[in-house]
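Pasting a structure below so you can have a look.
Chains: A, B, C and D, in written order; residue numbering restarts at 1 for each.
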C-alpha cells in the first residue's frame, strides 16, 4: 500500500468522500424500516448527527431545538456565548463586516475574556428548556472549565483540538492536560478529538474517551491543509479509526462511537461517512443554513480568532430553511441539504441496511466525482456564467 | 481489484463514461453498413435508443413520433399526463416558475391523484396514432395500473425504481410487489430496473424481466449521489450487468437486453455505453431539447415531486432542433447532440463494428477527459468569461 | 496492463500530453547545438513542424511562406481553395457569422463542387512561388485527384481520414480505395493517416506509406470524442506507433517518419510529442493565429461541413503574431505559442538531446497538470473573474 | 515503478505538492518548542525560508529586512538593480504597463547592460545596513561577476539556471562555466541549481556546492512546462534530491542543504516541502505581496526578458501586509500566506516534529486536492460568480 513519492519518501494513498460512492447490493428496504438510533455516553439519540461547537452554529436555542428533534448540539464554551452576556450584537457585527475586516474583528472580539458565570448560565439555560447539555472546550479550556461545566449540569464534555494526542510535549512552565486523568476525574462522559489514525484512536479510548471525533483538515470553514499542509481525507481516516473501535470493542467489550467531523455538507456525505464506519457525524455548515442558527447566514471556523495564526475562513452559506426542514424535512431543496434524516433512511433503504451497524458494512466503490469538461460546462451554465 | 480505503474498508474502482474512450482496431466499415437493429420484448427497432419516462421528455405525441422514427418512447404513468386531463397549462407553469419555487410547485402538482381513466386514455391515444405503446410505473404504481395498462393496449411495461431488488423488505402492513409474480401475470413483456450489479441482473432475469435498465445515480437531472451518496459509474455498471446477460443467455438460451439508463448526453456517450456491453440506451435530456418535447426547453427528474425528500433538479436545456434532427439528422449542431443514429453508425464504421453485438466487443481505453489548466482556459473563453 | 472496467470488459490506460512532462538528465546542451533536421519522402526540412491541411490554416501563401521558413504546409484539396476561384469572400463570410449559423453556413459552402482545374491551379501557384507542394485529400478525394495533383507538380500527397485502415468494407456499389495500390501507382510519396495503433502503423508502412499521421480525436477543433466516443490520448498513441516504426526499420531498413497530429498548442506539446517518439508534428491552431493565416483569427475542423454529422467546432483563436514569430521568433508572447523552433531547441538543450533521435529517448514522467483548487483560483483571477 | 505509456516508452509517476498532505502521528508538541534553525554555507538562520532572486521580490531594502527577521534574501545580479542606477522609475513602469505590452517592455529594459560598479554598490549597500549579502547570477553571469561580488563583500553566491548540469556542451567558441573550478576558486560558498534528480544533486555536491536548489518548472511565474514541456513535480524532485544529500552525507560527512525552489505559495506548501526532505525553501510570490517588495504588487519570472524565447508571466499578486506579517505574523489573513514561520511551527507541533530533521521524517499521504463538483461550486460562489 506504500507508494514511492521519491527515493527518500513513501506515502499511502488516502481517500476522501468526493472519491467514493455507495453501491447497492441484492436487497432493499423500505426507508421507514431503517433504524438510525445510536448512543453516546449513555445518552440515546434517534439521529446520528451532532451540530458542531461553533459560534455560528450552536447557541442555547439551537442546542435545545436539536435535542427535541432527536439530534444533539454542542455548545462552544470558549466562544462568544461565554465571553459576552448578550452575544446578539456581537453576532450582528460578525455578519455585517466585509471579508477583509473579518479576521481582525474576530481577533478583537476574542480578547474579551471567558466568564465562568456565563459558562454556568448557558448550561443552565439549555437544561431549563429541556435540552441535552453537551459542551466543548480546547484542552486548555477543559482544564479551566471542565468541573465548572459538569457541576452546572453538563451531560457530555467534548475536548477538541486540531490534533489531539496522549503524548503532547509542552513548554516547561505549562503542564499539558493529562487526558486520561481528566476523563477519570470528570463526573460526566468525555469525548475526545480530533484524530485520524488507528493508533491514536486506540490510545484515546484507553485514556477513557466516551467517543472519538475523527477528521483533520477537511472542513468547509477550515484551512488547516492550506496553512499547515496537514490533513487526511475523511474516508480513509474514518475507516482507520473505525477499525480501532472494533479492535477496542473486541478486546474490552466496550463500544466507543466514532464521530466523523468536518467537511460534510449533504445527506450523501453523511451516508458515506457511516458506510466507512462512523457511528455518527458532526456537521457545521448544514445547520448554519437554518433560520434558527446564530450565524445569520454565515459560517466560520473556530481557529479564526487566533491572534497569531488564524485558520478558517467565513463563508456566506445563506439561510435555506428551518432546523426541522434541514434535519427531518419535508425538504424544499433538492440538493441534499434538507431532510438529512430522510436522506440517511432512504439511502439505508436503497442499500438494504436496517441499522447503523449494517450501514457500516455496505459496499463502497471508488468513483471520483472529478470534474470533466462536460460537467464544468453544465456547472458554468447553472451558475449563470457565459451566454 | 479491491483497494484498501482504510484498515476497516476496501472498495473497488468503478469507471464512468468520462473516463473511457473507444479505440479503433485494424478494420473500418462504411457507416451505411453499420446495422443498429435490436429487439426488446419481441418488438424490433432500428435505433437502440429509448426516450426516458419523464414528464418533460415523453407525452403522447413524442411516443408516436419516436416510434415512427425507429426508436421508442416510454410514457410515465405516474406523471402529469395521468394526473391532469389537459397537461399543457401544467407544463407551462413548470417551465415558467423560478428555480427556487420549482420543488414546491412540483410537490403541489403531484398531490393531484392519478386517474385510471387517463392511464387508459393516453395509451389509446398513442395506439390510435400508430405508436408503439411503452409505459412506465414505480413498483407501487405497477401493482395499481399494470393490468389496466395492458388491457388498454400497452405493449411494453417498464417498472422503474431508483434501486430495484427481488429481496425488498416492506413495513408489515404493506405487501411489496412480487416482481416474479408480476412478470408472470402480466400479458405483456415487463422491463425492470434500475440495477447496477451482476447478481441483481441475474435475479431480475430469473424473475422474468424482458429487459434490464442499468444505472443508479448518473443522470444529469438526478441528484441521488449528492442526496443519498449512492451511485455507480456507468461504464462499470453496464459491463457488469452485460456479463450477467451473457451468463443468463449461456445458461438459458434467452437473450435479455441491457439498457443503459442515465447520464448520457452525446452520441459519444451512447457509443461508449454499447461498447461496454449495453444493447440499447435510455436517454432523457437529449430529447428534452427537441422542439416536440413537452418540457418546453426544461428537463427535470422524476424524484423531484417527492413530498419528503425531493431528488433531481430542473435544468434549462434549451430547444435545439426537431426530434428528427436529434435522432436521425442532418445535424446542424457539432457537439454530438444532433443525429444520434448517424453518430452511432459513424462510430461503428470507424471501429469496424457491423452490428450492435460487434460494437459491444470494440477496444476501450481508460483515458480520463479530466480538466487541465489549458482546457479550463479554453472553456472559459468559449463561455465568454474573462477578456 | 489491462485494467478491469467491469466483469465483461477490460481496458488499457492511455496517457495524454497533459499527463506527462519531460525530465532533465545528467547533461545539458547549448540550444544552438540542437539539430532539428528531419526528412519526409526524400524532402529535408530544418523544422519538424507541418501545418495542417485545414481551410483556416493553409492556403497558397501560407504553404510558400512555411516552406521558406524551413517548415512545411499541406494544402487541403477538398476545401474552399479548390471549390472557389476566389476563396477570400468565402473566408470573410466564415469569419463573420455567429456561432449558431456556422455549421449551416459551412454545410452550404461545401455544396459547391471541387474543381480539378483549381486543384491544378493552386499547386502551380505554390510551385511558382518556390514553395514545397504538399497536398491532402480524403481517400475518396485521393482516388479522384491523386494523379491530377501529381501531374500538376505536387511533391507530397497526404491521405487523411478520421481513421484509416487497410481493411475497409464499403457498400457493394463503391470500391474502397486500395491504399497499397494507390501508393504504388502514385509517382510521388504518399503519407497516410490517421491511425493510433502499432498494428495499423505496420500495415500502412507495408502498404507503402512514406509517413504516418498519428492521432484520433485529440485536436482543439475536433469533437470526435464527444460525437463518436472515439479517441486515443496522444502520448500513448505516438509511443505505440513509434514502436511500429522502429520495428519496421529493423525489419526492412526503411525509416518511415511518424507525424503526431492533433491537439498540440504550445512548444511544450511539440517537445512532448517528439519525446514520446514522433519525428515531426502536424499542427493547426498555432498557425491559425498568424497574421498570414487564411482563417482571419478563427480555426475550425475539416469534418464540420459534413452534411449529415458535422464534427469539429469553430474556435476564435485570435491573431497573435507573424508566421515567422510563431515559427522562429523572437517571441513577444510568453505562453509557448511563439518561437516554436526556439522552444524545441531550448527544450532539447535543457534535456541534453543533440538530435531528434536523441530527443525521442529523453526521460518522461507522469505528472498530471490537473486542476487543483489553488490553480483554479489563480486562473480565475487571471481571467478577471471574481473581485 | 515504471509505467508503460506506450509500447515504445515507459515513465515514472511523479508527485506534486497539490497531491500530498501531512498526516499526524502519535505525538504532538507545543509550537513554541519547534526549532526551525538551519544553516547554509556556515551562516545560521532561524527561518528556513529564502526570498528568490527576482526583480519584483528582492532589492537592497528587502535583503536587509529579511536578514533582520531571521530569513535570507538573494539579490539578482543580472536584473534591474544592476542595470539601472535608480531602479525605481523602471519598476514603476513595469507595474504600469498592460499585460500585452509587458514582454516587449521587459525585453527592452534588459538591453541596458549590467554595470559592474552597480554590482559592487548594491552589495555594499546591503552590507552597510547590516544585511546578509546573498547574490545570484546565471552561469554566464557568474563567470563575469563572481569574483567582483565576492570582493565587494558577498557572503553567499547562488548560480541559477533553469537546468544546471556538470556536463554541459557549448558551441566551440564559448567555454562553458566549469562549476567545480568556480566553486573551488570562489572565496565564498556557492549554491547551485536548479536540478531535480538524485544523480545531478550528487554531482553538484561533488563539484563543491554549498547548497542545492531543487525545482524545475513548478513556479507560479514560470511557464517552462508550457513552453518547453519540461518540469518535474516538486514532491518527487525534493524527495529524490534529499536522498542524494543523505547519501553524500553518509559518504563524506558533509551535510549540504537542499532548497526547494518554485511553486510554493502557502505555509502549507512550505511544510510539505520540508516533510519531503528539504532543509529550506526559496519563495518568490509570497514576498512579492509585501508592502516592502520592489514589485509594487506584481510578480514576474526572470526568464521573461529573454529576447528570443521569453518564459514566465507577470501576475498581479497584490499587496497584503508587511514583510514581518508575512514572515512572522501576527497574521490578518487566514489563507496561509501570513506568518509563514508560525505556520511551520504550528505544523511541526501538530506533527510532533521538534526539529527540521524530524519534520523531514513525518508521515505523508497521497491525497489529491483535486477539484470536485462541490468544490467548484463553492469556489465559484466565493469568487462572486453566479447568483
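As a working rule, a contact is a pair of C-beta atoms (placed from the backbone, for glycine too) under 8 Å apart; a residue touches a chain by one contact, two chains touch by 3 or more.
These numbers come from a predicted model, not from an experiment.
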{"item": "If a chain touches chain A and chain C alike, it appears here", "value": "B, D"}
{"item": "Interface residue overlap between copies chain B and chain C, same or different (over half shared)", "value": "different"}
{"item": "Size of the rotation, in steps of 5 degrees, that lays the CA trace of chain A over chain B", "value": "90"}
{"item": "Centroid comparison with chain B (C-alpha atoms), farthest chain", "value": "D"}
{"item": "Gap in Å, rounded to a whole number, between the CA centres of chain C and chain B", "value": "38"}
{"item": "Centre-to-centre distance between chain D and chain B (centres being mean Cα positions), rounded to whole Å", "value": "54"}
{"item": "Separation of mean Cα positions, chain D and chain A [Å, integer]", "value": "38"}
{"item": "Residues within chain B bordering two or more other chains", "value": "236, 369-371, 375-376, 382, 385"}
{"item": "Interface residues, chain A side, partner chain D - complex", "value": "3-14, 16, 18, 103-104, 107, 162-171, 174, 195-197, 199-200, 203, 216-217, 220, 223, 225-233, 236, 265, 304, 307-313, 315-316, 368-371, 375-376, 379, 382-385"}
{"item": "Residues of chain D that touch chain A when the two form their complex", "value": "1, 15, 20-30, 32-33, 198, 235-240, 242-244, 246, 266-272, 275-277, 329-336, 339, 342-343, 346-347, 350-352, 354, 363-367, 369-378, 380-382, 385-387"}
